[in-house]
Every structure is written in C-alpha cells, then in structure tokens.
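Sharing a structure, written as structure tokens. Questions coming.
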Amino acid sequence: MHEINEECGVFGIWAPVRGDVARLTYYGLFALQHRGQEAAGICVNDEGIFNYYKDLGLVHEVFDNARLDSLGRGNMAIGHVRYSTSGGSNRINAQPVVVRHIKGNMALAHNGNLVNSYELRRELENEGCIFQSTTDTEAISYIVTRERLHSDSMEDAVCSAMNKIKGSYSLVVMSPSKLIAARDPRGMRPLCIGKNENGSIVFASESCALDAVGAKFVRDVLPGEIVVVDMNGMRSIKTHCGKCDPALCVFEYIYFARNDSFIDGASVHEARMRAGEFLWKEHPVEADVVIGVPDSGLDAALGFSRASGIPFELGLVKNKYIGRTFISPGQAERENLVRIKLNTIESAIKGRRVVLIDDSIVRGTTSERIVKVVKEAGAKEVHMRISAPPFLNPCYYGTDIDSKENLIAVHHTIDEIADIIGADTLGYLSVDAAKQIAKRAAVDFEYPLHYCSACFDGKYPTEVPLEGSKDRFEQKIPAEWKEAHTKK
Amino acid sequence: MHEINEECGVFGIWAPVRGDVARLTYYGLFALQHRGQEAAGICVNDEGIFNYYKDLGLVHEVFDNARLDSLGRGNMAIGHVRYSTSGGSNRINAQPVVVRHIKGNMALAHNGNLVNSYELRRELENEGCIFQSTTDTEAISYIVTRERLHSDSMEDAVCSAMNKIKGSYSLVVMSPSKLIAARDPRGMRPLCIGKNENGSIVFASESCALDAVGAKFVRDVLPGEIVVVDMNGMRSIKTHCGKCDPALCVFEYIYFARNDSFIDGASVHEARMRAGEFLWKEHPVEADVVIGVPDSGLDAALGFSRASGIPFELGLVKNKYIGRTFISPGQAERENLVRIKLNTIESAIKGRRVVLIDDSIVRGTTSERIVKVVKEAGAKEVHMRISAPPFLNPCYYGTDIDSKENLIAVHHTIDEIADIIGADTLGYLSVDAAKQIAKRAAVDFEYPLHYCSACFDGKYPTEVPLEGSKDRFEQKIPAEWKEAHTKK
Amino acid sequence: MHEINEECGVFGIWAPVRGDVARLTYYGLFALQHRGQEAAGICVNDEGIFNYYKDLGLVHEVFDNARLDSLGRGNMAIGHVRYSTSGGSNRINAQPVVVRHIKGNMALAHNGNLVNSYELRRELENEGCIFQSTTDTEAISYIVTRERLHSDSMEDAVCSAMNKIKGSYSLVVMSPSKLIAARDPRGMRPLCIGKNENGSIVFASESCALDAVGAKFVRDVLPGEIVVVDMNGMRSIKTHCGKCDPALCVFEYIYFARNDSFIDGASVHEARMRAGEFLWKEHPVEADVVIGVPDSGLDAALGFSRASGIPFELGLVKNKYIGRTFISPGQAERENLVRIKLNTIESAIKGRRVVLIDDSIVRGTTSERIVKVVKEAGAKEVHMRISAPPFLNPCYYGTDIDSKENLIAVHHTIDEIADIIGADTLGYLSVDAAKQIAKRAAVDFEYPLHYCSACFDGKYPTEVPLEGSKDRFEQKIPAEWKEAHTKK
Amino acid sequence: MHEINEECGVFGIWAPVRGDVARLTYYGLFALQHRGQEAAGICVNDEGIFNYYKDLGLVHEVFDNARLDSLGRGNMAIGHVRYSTSGGSNRINAQPVVVRHIKGNMALAHNGNLVNSYELRRELENEGCIFQSTTDTEAISYIVTRERLHSDSMEDAVCSAMNKIKGSYSLVVMSPSKLIAARDPRGMRPLCIGKNENGSIVFASESCALDAVGAKFVRDVLPGEIVVVDMNGMRSIKTHCGKCDPALCVFEYIYFARNDSFIDGASVHEARMRAGEFLWKEHPVEADVVIGVPDSGLDAALGFSRASGIPFELGLVKNKYIGRTFISPGQAERENLVRIKLNTIESAIKGRRVVLIDDSIVRGTTSERIVKVVKEAGAKEVHMRISAPPFLNPCYYGTDIDSKENLIAVHHTIDEIADIIGADTLGYLSVDAAKQIAKRAAVDFEYPLHYCSACFDGKYPTEVPLEGSKDRFEQKIPAEWKEAHTKK
C-alpha cells in the first residue's frame, strides 16, 4: 500500500512540424499520473508564443477537450504532474513555471528536491527577487534566467545554473526555440529520451510515458547530462557528468515507478520480482500461498513465489474507483469499514498459511489493518515480507517519507513491529539486497547502478538542508509582526 | 478487457436504530460501482419521510459530504448504480425510482431486464398511466403500486406483481415501514443478504458490498424469493420459488462480478481460476508464460498457470487513472496510442511464447489490438485463450451484448478469428465447461447451479421480447406526426 | 423590494420550418426569468421526438451552448422558469413535465396553482396513479393524458381536463404535432400570443418575451380559451370562455410582471404610474422629493411625482451583481451591512422631505430597514407610500404571500405600522384604486379588466383548498410508519 | 450603455482586533464589482501569515462560504476586482499579487495603468527579474520590494518606488504589520478612507464600498499621498503631494463610478445630473419626454429633465439577469434579437418626441441599435444627447477606450454620426462643461478638481508609452525563434 509519495513527473516533446503537441503531452502526463495526483499543467510553444494552463486535479480533471484545444498547436510542449504533502496544496505551486525574462519566454518543469533551497532563496531575495510560490522550481527558474543574462544560450545558462543548485532534479526546460532536458549529477531522479516515427523527440520521467505517445525508448539521460533539441537536432552537454558517483533512488524500482517502465536500463517489473526472490532467500518460511498487496506488491509476490515454489495467489483486491472526491470513513467508522478500499478474496486465503508481500511499512497502522483483514478472512498464519529495508531516516530528495518520530522502525525492533502489526513473522529486504535488485539487460552503460541509501542508513550523498530551513517557506508568525504588536 | 456491461447494482439497508444509513449505502454502492458507472442514487427513509438524490456520474461524483448530509439520518435506505448503453444516458433514468401512491411512499431499485416491458407499458398506458423515463423500473413501480391498491401489504403487492413481470430482476423495495428484496424465479441476477453486528440487515447485488459495510454474509436470496424486513424481524415469502429451474447468469462469474464476491454460494475468484484450468484441459499449448488481460483475465490466467505448470506472469498493466472525463485518442491517433490504457511489461514478454487469457471476444477489434502490442513487446508466439464460450446470440436479461451482426463469432470460424486478431492459436471455453466453473463450498443449497446459456446456444429460459418492441421506447418519428405533416 | 414571488413563467414556439427553436426558447425564458429563478427547462419537438433538459438554476446557468446544441433543432419547443418557496426546491419539480402516454409524447408547462390538487391526486392515486413530484403539473399531465384516451385530439383532451382542474393556470402543451395554449376561465395568470416575421407562433406569460424573440404581439389568450397551432394553422376553442367573470391578478401589474410588458391589453408601466397618481390623490403630502424603491417602485414614484409636482429623484440604488451564490451577511452582521444590496444616494436625500414609494409591505422588517437607511442618509421626513392595498389574506393562485400570522397588516393598524417601520406617515393604495390602475388603449376587448382581490378582501373567486390539504404533499411522518413501530 | 471599461477596484481593511476581515473585504469588493468583472481576489493577513485566493469570475462566483472560511480570520485584508480587455483574461493576472521577499510577505492591489511599464520591465529583466504575468502590478511589486532592501520601512519603500513608476495608480499594499494606501501624484484614479465604529480603517476605490461594510467616509487619499495604518495608528506621508496638478479622470463621474459614491469630495449622482443640465443648455431641443439609457444615463436624463422641464420617463429597461455565462445571439440572429438585453417600454415612447441620454458613443453600433428600437417603439423623433465629449484619443491610464481607428468621432462629424446612428439630432457635452460637472459640498480641499482631458483633447498629463511597447507583453513570434528556424 502506497504510503510514501513521489513528488512529480515531467514530460517534454519537440516536434519537427507544428502539431497537436498538447494532446501528446496530455497522454504522456496521463501515463505519469502515478507520480503526482495533486496538480497538472501543460505549456505549448507555438513559434515562440507560450500558451499554458495548470491547475489542481488529475490530468483528466484539469484538461478537457476545450482546454486542450485552447492551448493550440505548436512545435514543442512540456508538462508536469505534481504531488505535495498535505497543506502545501496550492494552485500557485502547480507547474510548469512559465516566465518572461530578458531573452524571452521560458517554461520549466522539475522533479526532485533541492537541498540548498533556503540559501538560494535567501541570496536571490537579497538581490531583490520576489517569490510567488513555495516551490524549488521558482528558485531554479530565477537562477537559470539570471545565468541567461551572461550566457550565449539557454543550454549554457542551464549548465551554469547546475553549479548552484544542489540536490535531486530532473528538469525539462523550454525556450522559444529549444527543448532542454537536464538531470542532476547523481541521477537521483529518472529521466529518459524517446523518439517518434515522425522524428519527434520526447523526454519523460519514465519510459511508460514514451509508450503512451507511441515513441521508442532511445536511452536514459545520463546523470549530470544536459540534452538539447532544436531545429539543428539533438546534442548533449556533459560538463557535469562523471564528477560524482551516481546515487539513483532505489525506491523508483521498489514502488514509485510503474512496473512497465525501464529506468536507467533496468526493468522495474524485474527489479520487483528480484526483490521477491531476495526476500525468500533472506527470510524463507513455510507457507501455502504468496499474496501481494496491490498494486506494487504483486510483482514482488510473484518473484517470491517463483523462488520459493509457494503458489502465487490473488488474495487482496483494491477498489479501482477510488477518486479524489471519495469520502473516506470517519475515525469512528474506520474499524468496521476497512474493506472498502482493499478487500480480501476469502477463497484464496481461508485455511492457508499466507506470505504477504508489501512494499513498505511507515507508521505500521496500514500494515496492522491489512494483517487483520487477512486473518479475518481465515488465514492460519500471516508472514509479512517487505520488499524494502526499514526506513530510518528522512529523505531530502523529493519523496515524502515521514519525519523520524513517526517511522515505526526507528523506535521498534523487527520482532516488536511484527507484534504490533499482528504478523506471525516479519522480514525486510536487506540494504545490500535492495542495491542489487535492478539489472540491466545490456552492460555497456556509461554509469553504474549506484544507489542512494540514505533513508535506510543515513549516508546522504549530498549536504543536507540546514536544520529548520523548511520553516522559512512555511509561514510562521514573523518577528516583524510580533515586534510591531508589542511595541505599542 | 470489458466490452460487455452489466446494467446495474442494488443495495438496501434496514437498521434497528436511526443512523447514518446514507453513508453506509454510499460505501455499499461504491463496492458495486463496477456494475454501473453511469448514474447513482440513494433514498433514505426517515420515519416514513423519503429523502433522495440521484444523478449521472460515479458514486463519488454524485455524492459529496454535503449531499450525503442533506439526505439526513434514517432507519432504512436503498441505493442503485446504473449502466446504460450509449444514447440512453439520461438523468431521468437514474434510480431508485421514488413515488407517492395512495398508501404512501415507495422507493424501488432494480437490476435486470424485463422481456415483456412493451406489453406491460402498453397495457398500463391503456389504463391512463404516463411514463417519464424509458426504464423497466418505472413500469415495475406502477405494477407494484397498483397491486398495492388491492393488497394487504407491500410484500403481497410485490408478490402479485411478480405474476406479471417477466424476465430477470433483483429488486430492493422500500415502503415507509419495510425493506423488501425480491429475486426473479430463475435467479438470473444475483442478490444476497448480510447482517451487521448491530443487527442491521443488508441486501446487495454482490457480497463484496456486504464486506464494505462491515456486514457478514448470511445467504443468497433464493430464486423467486421475497424477503421482508421490518420492526418484526426478517421473514421470507416463497410463493414463487421452485416453479422453474434456476437460470443463473454464468457471466456474473466470468466477469461481471468482482472476484472477491461470492454468488449463489460460489467464489467468483475460484470460478475464474477453474475456467483457466478448463481452458488448459480443452486447449493445451506449449508456452513460456501465461498472462492475463487485466482485470478479470488475471484469475483465469492463474488457474491456467496452476493447471499447466506454465509460469504466471504480469505482462499487461492497465492505467488505473482512467476516469469518465478521460479524452480518448481520436480515430487518427488510435493506431499509435494503443498503449495509453493498457501497456505491456516488455521484460515479462520479450522472447517468450505467451498464453494470453481474456474473458471475451465481442467484435474482435480489442483483441486484435492487444495481440499486436504483445507481439510488439517481443512475444515469439501468442496463444489466445478466452475464459467464456463464443457469443452467438443477444442477451435480453440485462447485459449489453452487441447485436448479432457485430458478434465476430457469428460470422467467422475460430480459425478465422485467430487469423483476424493475429493470434497463433485461439481457444474458447466450452459451454459445458462454463457451466461447471462455479462450485459451492457447502452442498445443502435449496437450488442447484443451473445456468442460462442463451448467449452461447440460443436456449432462452423465458419468452423473448417481441421483434422491434424496443423501438417503442426509443423515440422514432411517430405516425401521428407524419400524418399531420402530409395532410396539408 | 420584492418580498412576494410569482411561481412561474411559460413559453412555447411553433415554427413552420425546422430550426433552432431551443435557442429562441432560451431567449424567451431569459425575458421571463423574473417570474422564476429556481429552475428552468426546455423541451424541443423534432418531428415528434422530444428532447429536453431541465435543472435547478437560472436560465443561463442551466443552459450553456453545448446543452442547447444537445437539444437539437425542431419544429416546436416549450420552456418554463420556476420559482418555489424555500424547502420545496427539488430538481424533480422542474418543468416542463415530459411524459409518454398511449398516444405518444406530451410536454406540459404550467403557471398557476390548482385549488383542488389534493382531491385530484387522491382520486388519481385511487385509480393506481403514482407521483414522482409534488407539483400540480404532474396531476394536470395525468388528467390530460387520461382524457386523451377517450378524446379525438389533444385539444379535446385539454378541453375535457379543464372541467376537472380548478384554480389558476396558464398552460402550454406540446404533442407530437401540435402546440396548445390554455388559460383558466378566470384568466388569473397572463398568457399572450405573438407572431414572427417567418410565421412562427409564440405563446408567452408576458409580452416582453415576444419582444425578446423578435415576435409581434398578436393578442392575449382569452380567459378560458384554448389556442391550437399546427400545420393547419392556428385555431381557437372557446368552450370554457365567458362562463364566469374574469379574475385577473392585479399583482401582475403591481409588481410580478416586467414594466415593459403589456398584460390583458394594458401597459404594466402605465399601470404602475397610475398607481402612483392614485397614491398622491389618496394620500397627499408636502415633500421635496419622490423616491422609488427599485425596481418596481420606480414607475409608481414617477407617477406620484407627475401628479404631485414633487420632483422625482434617484435616491436608492440596488447592487445589480447579486447572484444566487451571493453570501448574505449573517444575523449578527445584518445591522451594519444593510447597504450591501440597496444603498442610498446621499446627495439626493440629505436635508429633504422624502416620499418613498414601495410596492408592498409584508412582514415590515424590510421596510423598517429601508426607512432607517434613508433617514441615516439625512432625510428630514420619510413618507412611505405603498402602491398596493394591505395584504390580509393568503393567495391560493400561485404567489407565495406569507401565511396570515406573518402579515403585519393583519395585526396592526396603519398608524401602528408607520410607527413600527419608522415612517413619518404611511399610505396604502385603496382596493378600489388598485382595480382601476390598468387601462387598455383599445376598448373592443372580449373580456373586462375584472380583478381577483382575495388577498386584500378575502373574496376568493373559486372554492379554496381544504384545510391542511397542503400537508398531504409535504412529507409528514405517516400513520403507517408510526403504527408499525409501536406494534412491537 | 457601457462600452468602455474601468480596469480595477481596490479595497483594504485594517482592524484593531482579529476578526472576519475576509468577509468584510468580500462585501467591499461586491460593492466595487462594477469596476471589474473578470477576476477577484482576497488576501488575509493573520499575524503576518498571508492566506489568499484569487480566480477568474465575479466576487460571488470566486468566493463561496467555504472559500471565505478557508482564508481564516485576521487583522488585515486587501482585495481586488479586475477587468481586462478580451484576450488578456488569464488567471495569472488576477490580484492581489502576493509575494515573499527578503523582509517577509507583501500583498499588493492596484487600480490604474503605468505609462513606463515597458522601460521598467526591461530594466528589471536586465537585472535578472522574471515575470509570471503581464500586469503592471507585478512590476510594481518588484520595485517596491527592491526599494525595501534599502529602506527602513515598507512605507519608505513605497515612497521611493513612486519616484520610478509613472502613470495612474491607486495602490493598497499590505505588509506583515502594516496596511498602506498610495495614490499617484495626479490622483488619476480615486481612493478614499473610511472608518468603522470599532475603529477599523478601510481603504476603497469608491465610497460605496465604505457604505457596504458599515464604515463612515473620512476623506479621500490626496493625490500623491501615502497613508499608513498599523498598531500605532494612521499617519500620512506627503512627499509626493503637490508637485504637479491633479489630473482626475472625469469619466469616473460620467460613468465608471457608482452613482451612490462620492469621489474627491463630489457626488457622482449630482455630477451626472449636472451633465444633463449642461446638455440642455448646450443642445436644447423641443421634445415630449427625456429617457436615459440605463444604468448611467438615468441620472443625466433626470438632470436634463429638471433643467428643461421636459418630463422624465422610464422608456428603456435592462434585463437584470445577464450573467457571465449568458449566451449572446449569434451574428445572424442579432438583427432580430436586439431587445433581449435592453427593451423599450412602448407606452412611454409611442407617439412622442424623445430625448435619449447616453454616456458615450464609441464605435456607434450600439447607439444605432438603441435608436432603432426606440423608433420601432413609436418615437416620432429621437434626439440623442451624450453626457460626455467625443472620444478622439486613446487612454493610457487604465480604461479600455478603443484604438483610434475604431472611434467613430475620429472619422466623422457630429452630423455624420447623427446620420449613421439614425438620430434626428445629436449633441455631445462640451469639454469645458465636462470639467465643471463635479462640485464639492465643502470648499476647503487641499487639491482642486482638475481633470485629465486627454481622451477628448489629446493633452496627456504625463509622458505616454513608447510606440508599440504594448506588443512587448503581448506575445508575438520572437526574433530568436525565427532566426533559429531559418538557420537550418
């Protein structure tokens, strides 16, 4: 059960001839919808004129036919889907950010999270910049356009900007005549390149979005690489490549990404299968069936089943009609209404010893509820296996892993957790195994599959944000106000 | 891939104490959403006062918190989700139908289809009745309330009405003081009974709706049975029971119902697994993987895999964010954009001989497209297996199986169909096998699992509607008008 | 200030050639919007096929371009705007009522109120009729269609139905080939006929709707007359004419109707001017300016000014942006925020003796507030003049005059009322004068301007509804329910 | 008939105790709705935390109760209503602009138009500023916050900013602890101060907004004055006062403002009355009635009637239900459907010689249509009188007077115009008279009623924008793009 959220998906398309790039972006974003369900936006570039629309909601809620038509035809377009933790949901934070600067228009979409936001904003504000949103993306927009003042081209400006921004970022940038993709030097967030039959170039967070628009996967953008497309073709700037080790986010494989995507050369589905195999090797158990918690637990369950020989079963089914406006039961009713969103298939469970595969345990309450319904459906035993290591540290790179005090694994041993959630046994994937789940079909990659493991072991690949710097963006009663009101 | 649609789901709840029955009905309907996505409605009975709301849309679109609150608290409620074939979509056809008659209020929700609608409406109109919708349900409402004029009770009126209405029906009827469930004598559509911890009685089309509201499954309503609940408890009227053989709809097992439901004592999930086993026995094949077309093909694929020993794989993934307002690609784009709603997991398919399990082939175009993408993902062979027999005849009992001229199996041999859809081999479930897929855990049922097989073999268990009688309800330019306009 | 509401406006159009009758009906209803702001509906007849849509909201809220387009083109259309007293607002009560009966389709729109609704519904229910709304219109639909069973034509059915229905009604009825208008024998509600350049015939509650669609006024429908239009032209049925005295509603002149309408041959604007003249004659006063409370008080103020020689002034201005969703100030704030909807023009009032003309006093609270703001704006004296007699009795004919206990004039003398509302003097129009305000330009009318004066003097021109019969339609906890719940 | 539009209304409130300032701002904006119907926004300051919402739509469309509640309680709030010429309608341009800068939050609302926007934006962009909207307001926000870097206080920053921004502006600025109002040195747009019983200070574009929130008018903000309110009370900064002659916009009196407002000490209603008197003196005529085109022509008609002795009449009536979503008739239908929005009262017009008073003629087409319907209603003669001089030049100060090529008075003599619009005679107010219409009750004002007359005589009180500078903000295909696409 997803309890952790990715914070965005980006998409961009450059077409050799003017066409309905808005609709293609719509389909691309639709394929990336799982990366962000809070807001969506599309900006179309029609001979240098930028038409855009963005709002809160799912892609198909924000855009209807009339809205897409109003964006017109064009040569390029970029799009964005956004997730945000509760509270920060505000229309002003929707992307792409579209700005006018001294050299013309620029649109920018960003997936990731900067670790030096506070310093950057402070510096920019000291130079007279004003901010209308609380996103990193607005800061990046400032930095890129300010670099553009002294640069020969937009790609040079992006390149210079990358000297200043720190953290994780996969960017798609659109100028009047160019489409530019850039990935942070550690490659923390995915970004790939595709090509259409008619020669259109597509950038997307995941390869499933290429499939959705009929584009063939070309390759991933390298960690640190800048890729530029315009009428002169596609070219690459590698100034920032190879200066540090990759620190890919292993959670993209474990559950952020769709299982039909390839990321950094490896199949997400296979990675999850392999996680299941490792789970069997590290935490074998005698049981009658293996059941995955939908959706992302299914692949790992299949892997566990294959490795162990214990039959795979469909034992849990998610209601697929849950929408944004679904009314969740109140606290009082929750106890009795656990089976609204996720129900058991009793005939698959009853009288059996069940291996239950899920992708994570955050606070433990969701797992507790799932184990309970599985037992109520007649499971004789429930052996919980988690296809990820325990969370012990916050993530600063674009996911919303809960703060330390809420992470159950920080406060309890594995046996205690098993006890709390009511499982007969519990096993997590080891950090070592997690780093080995993804495998590339081909071997001639320019960069190895090295992962960030900070959320498991606290080894952050970059500096981390200043203590309390986040409060700067969240509004607190400011000193100025307090002073003014005590003066009297 | 669902190409055939069920036409409704019904829900009813009777509570011993006044409470938030509207919200419980909301959750019940939410669990039945797959049975009808066009319209939804809830009617609450608060001490005899009926408050209701119904509109086009999904349950969570029609009802928000304010709307549910406006229905108030009550002792009973009934609800309905509706599907209708394109064109007939009109708010006036939403259910429940709520009417005032000489004895008070009545609300009625109906799943099924009458075969003598035309005759009934004609007769009623001759007696001065007027119709505001094109539904059978309004006719049933008339008949029940007219019988009520000469009956001692609402349940007697329902019982008398059942002498007149012919076809398939699962009804939930609410009077000021009673909640009544009734099922046609052949039990063509499902209907079951559940009970809450606090003594509430629940009726629902499928048991998954009982789970959603925390009710325990009690039993199915018998074919022909009328079940009444009021302050005096629950009682049964069996006047119409046992007068004809059951003719349950086997398609409820094959794909209408949710796989976590039990229908007439048998698990839907198990029935689908068994369909897969039969498919292996009837159409064995050498292959590397078995892949189900989501969602309903997954269970059958698992059964096929178990029986054959060929590994089960997740090879196709549906985009779960498809909503009512999703903009489908236009005809021109469709060729390139097949993978928007359903994409392949290439790593599960590439280089493999694939057994592909789907639940039906109607026109053949969908199957053709799926086979194509599976082959493009690198499948060496595609062996299509269908977990149902070929459709050869229209259904008059509440599903929208296409008219005969559009059914591919009417015009082509199985080999021809395999050719058309591009499969290397093709196998359908036999009619005999279809009748054996469902099995009850217990054996002491009052009625056997006998099925309607009309859509496969043309043996209709009832009379069929008069030729062209449907046109009566669909508006055609009437003679009166033509006459009047040629007169001049 | 309007405190009493008309309950509907009707519109119908018959065109010699198929065309965009939906849009014309839209404009017609838009002109009649002041007669009902709760719901709107249009039904188009395209060669006998009826397409309709109706919902809660203003005309321009219910219908957008897509909605109008969906109604298609046609030969005829009817429309309706509805007002209802608070509480009875329900989508099911929107009109036109569209039904299918044994002879085809019928659509019906109604302005007025029956006095024998209860008896009619009771009788119909006894014969097995069911009701889905709480409107008189559904009862009328039943009666007309039942008469149609034994009649040669729809107009004959309407004619027979008029023997049964009692009270006020202006009806527009549409059959597959005919458009029919009918007015109750007393002509209590208005209804007029217009004609377009292209030969289209239009029926409307007020002549302003004819202007809006470019039609010329032909004449009013006579009290008791039935007018039929079809391919054979327009003809009149006068069976019900002349059997009783006209009892036109004088309040149509005083404030229901728009001042640019002609009703029963007389100008509404002139009638209001004349009411002002009578007010001067009956209640002269020394003053500096005459100010009308917008909107309907303006005409009377102008008449008072002309007759008295006291200058007319614009001293009060209404905020014209008040919409249905405007948030009115809460009770606590009301005291300070009286000038949100209606503000004073201080420069017109300050230091002056003001004659203030309004169209009615119901409870007195509104008048009290207006007098207060006028005084606060600096008026030295405020002399209130009301262009209608005091309300002393309820109306059963389609307006929502408050129940007797809330009518200030029932409980207080005129001097007391002046005191309560804070006016220096107060004068009402006499009943005699009220009956003389309307004057026809031409004298050769078939019926005289005789008025219903029941709300002033209690002389009802028809029988009145049985005591408490209204409760029958409003849901009360029924005996059946109570009995059932005490039985146990 | 309004054919020219004001471009905004501003409102601000400072309360001594925390309260529901959002709702008060809602009512204030509601009173200013006539100044801008395209977008609305409110920003609440709660102890330094800024909560805001803005969107396209009328005030009552943008804000419902839930939305207002979500803004919370606070000590201060500012609000804005916006009009924009067609095309420029974009949510991003809605106000107030809310930004974070180095010293905290700032919200800013602006009525007016800068003449050096282009230069300012160019300069700011050169310094690395980026723009997300096309409004002057974003530029002003930059300048104020950049000045704030080197200033001791927000009011000092505003004062310094006023050295840079040129043109017309009435600003309301909110910092964490202060509410600031500022008016350009020529006082081109109005701005006034009010005070509540509880000591709240209110700033508003027009005094009618003070009335709406129960505040008493205190005085107008002086041309060039900055007024600051905080916990230390209200104080004034007059650095920019008296350095140039006032150039008040006379059109505020003629028709932008509501007739119940006082502007710069003079009553709008009286000014319009006086315009009518002057019209009589300058263009006397023999006639039977004087009719004003609603709404703003009514006051002038009354003045003309008083001066001439010709009776005032209500001869034209506007449909008051026109909303944003009203569907206007298409070009083809327009000829026949002129009387949808504005209808004649025939009984007031027929057989009479009519003086028709309107507030302006822009292109002439509207006037032509009005004269036509008045003649069709039976007017023997139509003498058109315009309560403003002819438009001959564009306005750069915040109204949307059409471009020169569309102004009828630029291309035709008055006689020709009379001919074109079908009037028997035509008279405009003289420029001299226009400058004398407003009169103050008191004489001790610090600034005289001197007007801008640029639109009549081309004497612009400030420099004017560079030729074509507006194109800079409207997107044109940029050189960069063209170059890039021809390069290849």
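Some notes on this structure:
Letters A, B, C and D mark the chains as written, and numbering starts fresh at 1 in each.
Simple rule for what comes next: a contact is a pair of C-beta atoms (placed from the backbone, for glycine too) under 8 Å apart; a residue touches a chain by one contact, two chains touch by 3 or more.
As the structure is a prediction and not an experimental result, all values here were calculated from the model.
Annotation of chain A and chain D: not jointly contacted by any chain, touch as defined at the top.
Taken together, chain B and chain C share no touching chain. Counting the residue numbers that touch the partner chain, chain A and chain B have more than half of them in common. Chain centres here are Cα means. That of chain A falls 60 Å from that of chain C. Centre to centre, using the average C-alpha position, chain C and chain D are separated by 37 Å. With touch defined as above, chain B holds no residue shared between interfaces to two or more other chains.
Within the complex formed with chain C, the chain D residues making contact are 23, 26-27, 30-31, 33-34, 37, 58-61, 63-65, 68, 197, 208, 211-214, 258-260, 262, 267, 269-270, 295, 298-299, 302, 306, 311-314, 317, 319-323, 325-327, 329, 333, 336-337, 339-340, 343-348.
By the touch criterion stated above, chain D contacts chain A in their complex at residues 47-50, 97-106, 122, 125-132, 141-142, 145-146, 149, 175-178, 230-232, 475-478, 480-485, 487-488.
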